[in-house]
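The following blocks contain the structures, represented as structure tokens.
Two complexes come next, and they have one chain in common, chain A, joined by chain B in the first and chain C in the second.
Our next item is the complex of A and B:
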């Protein structure tokens, strides 16, 4: 029923284009190829969250069995979030897995992801490290998430302290992103991060 | 019966006169004649002034005109004139019909003067003594389009002359039935009878305003009542039908997003969930409910609201109100209840759904059997008190595949329902 998948995506595309969220620039969908099976989504970081001001790009793959199976969605933009892998961008969201319903659409999926950014579920994590930081050192989590949003999603908050620590690791020949990832993981403890990197 | 067939009675005896006239002309003629005839007659007797329109060749009143259609007034009763020309009211002067009479004294027309002296045609007995005289009048009204063969003092109707004067005898010739019988018969014209009061048939059905057809018996009250009832019922059905279409036509399936009424053939069906009011086409909701990749609980629930429903009811139209829905669901169960259960096999098999099965559990001799409550296999789930119903899981898949033609009962459309019949407590 690839036919149904394509015809539905076409309809949904129009729906999203006309929807209010587009006007408010909070979600967006773009086509990547002509087959309608691969799309690129974009969601704005919800206000009053560390993701505010950022634009997060998503990869959406529509299976042939859509809408009886959920679309495969992952974050292309790096993000620091308990339910999203900081490495792969994989998302842990029930509706994208076993709680999918055939009446859901790309729009509802994107809005759900937006809601996920606003309300993390650290008890059902995708990224255990992030989830641990979220639960244990929430202020540090907020800073890290804001820093990642600033670097990867164009968020407004700069943290010079973070930048200088990353620069120190970079000077040691470490890739910038790797440095950031390790520092974030080690709660911005430069010593532990160095240890982690060179052990 | 068609109009031309109904016309036969007049044509049969008035062949020479009517032959040249189209039925339509004759019909129009009679309509006019019927209304104007009776009051026009006395005036015509006392030498009225000559009709100006007649002089010009066109008088739409024809022989029922108040004014004289005899060009030399005063000689109207002259017996010597045997031949005349009268305008066919519906035709122009070029279509003047020149017809010789059949009277013994008739001579072939040789000059225009002869017909001038002819007496004016005065139809006989045009009192609306309906219905006793109408059999005779049908011919005279026909004669009004033609000429009056006046030969003697007594003004004879044209039809009398042609038909030999014996009304009863003439009608026998016409129809092969006697006048009495025709009075009892319904006029075969399906519209307003063109012969009006002069129709040979006694009964003229009246117009039913509801169906816009002439089908109300003028005196038979039971027939009228019954027809009105039938009409009302038909009307209500048509209304219901159009309402059903109206409320269904914009509905889109929540899964494929297509407008269901615009789908082709068998896909143009709604799959109604008993426990919520979300719209799906039958194919989509069935496919969703048969999806194996999700938990049973997920697929059994509505894709929009996640309210669980035990079965899907096929429907040709969307049901809006609770009453409509309840009726649809009960009709569905009734239709299934007529069919033998494929698991019970008339007693040879065992139905896992027990007495909750929608299908019929009857032995070959027709006796219904109560097989009791469905047997349930339950086990503890994850060590908690959370029970799962194995019956739901193992047997459901069989049931979803079942193929029954239940909708044939309901709508006459070919349908096979492969849906389940299991009702939970």
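Our next item is the complex of A and C:
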């Protein structure tokens, strides 16, 4: 059984390596260990989204029962998206759960994740806070997502206002990422963020 | 806003999936994928003191001599069908050749229908390997039957066969979408139904799956329905009016194989 999972992954690995997307640098896949059970994926943020210009790293774990059960995938790169946990990187995507089919591959997973970045589903959220902001304060959501892409994924948009608010909290001894997370959650309201941190 | 909790610490979907896997493991540790032939009366033990079922089991025992259980993992229809049909082919050489030819050609048809050839090839190769391993010409009937039983109890091979049948079923639904659309309840499109209810492993089968697969392969199936209604088991042939080659018993949520007298 385990052998079937491994031989399948080996073939898939070659498939990704030969794919058009890899030529365009839009997806990438690497081995982590010799047992073929753990891989590292990478997807480029799709154009015309707040993730554009960013590179997002994924942890991919292949279960022994692959391809009958889906691979376990999560974002290692921190990301601000309604269907991805801003804390753990856990992903809410149907094909990684109930709708996985053995005819799918790592390549389809990576492409589906890219599609998820381009089309969020805030009504089926993984991260309720992000989803709320997405629905209620879309402009702030865009800014936050771009800011996170800039900081964690190498995206191009710098927001000095965000940086200076984070600096204010850092000056109070707060860890940089914690400061960013709280400010993002509080819609960049410095007063509320401070209250949240110190109450 | 403050009221919304981050639900990340305990990812509920993960927990549900994990629990599901544990239940699956418990079932797989206790039941083989396909059992030996058992007397029909072995069902009695599950319905002790239940008059409706006891009388139905008696009714069934008048028509069938054996039952072969399949693991209740949501794939039971596909696994039972494949096992029973290949077993039927072991003593029907001409039909074996017809089926082998049809199975051989089915891959190109699925590719034409738009299935990704990369994964399809993998499943088709393994499926054909299984079909060839139970070639009636490869040994005595007993030897080939033993080989069939062995290969269907090897999880890898057994599941690959299930996947390939799921793909054939899905292909048929797509090919005749206009017809099958009428059978779908709720607001599913054929496309959604195929991806959510047919192609994924462990998804249970309904009439629509059975009709599509039987039609795709040109194989008649008789299903004996055993539920709370009436006093006799009710037989239903798929497709209607066909001569059944495969006999199954359906109890709510599960299919096993039957052997007629």
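Things to note:
Everything below uses one rule, namely that the second predicted complex is superposed on the first by the 199 of 199 C-alpha atoms of A that agree within 3 Å, B and C clash if a C-alpha of one lies under 4 Å from a C-alpha of the other, contacts with A are read in each partner's own complex, and residues count from 1 in each chain.
Here is the rule we use: a residue touches a chain if its C-beta (ideal position, glycine included) is under 8 Å from a C-beta of that chain, and two chains touch if they have at least 3 such contacts.
Note that the structure is a prediction, hence the values are computed from the model and not measured.
In the model built by aligning both structures on chain A, chain B clashes with chain C. Once the two complexes are laid over each other on the shared chain, residue contacts for A:4 go to chain B and to chain C alike. Of the two partner chains, chain C is the only one touched by A:88; chain B is not.
Look at A:132: by the touch rule set out above, it reaches chain C but stays clear of chain B. In the superposed model, C is the one of chain B and chain C that contacts more residues of chain A. Of the two partner chains placed by superposition, chain B and chain C are both touched by A:100.
Of 7-15, 25-33, 43-51 or 241-249, the chain C stretch that intrudes into chain B once chain A is superposed is 241-249 (criterion: clashing C-alpha atoms). When the two complexes are laid over each other on chain A, chain A has residues 4, 8, 11-12, 67-69, 98-104 in contact with both chain B and chain C.
Across the interface of their complex, chain A is touched by residues 254-258, 278, 284, 287-288, 291, 293-295, 298, 301-304, 306 of chain B. Note for the complex: chain A touches chain C at residues 1, 3-4, 8, 11-12, 15, 67-69, 85-88, 90, 92, 94, 97-105, 108, 126-129, 132, 186-187, 196. Residues 4, 7-8, 11-12, 67-69, 98-104 of chain A are the ones touching chain B in the complex.
Put simply, chain C touches chain A in their complex at residues 1-2, 4-9, 11, 13-14, 17, 21, 115-116, 118-120, 122-123, 155-156, 159-160, 163, 166-167, 195-196, 199-201.
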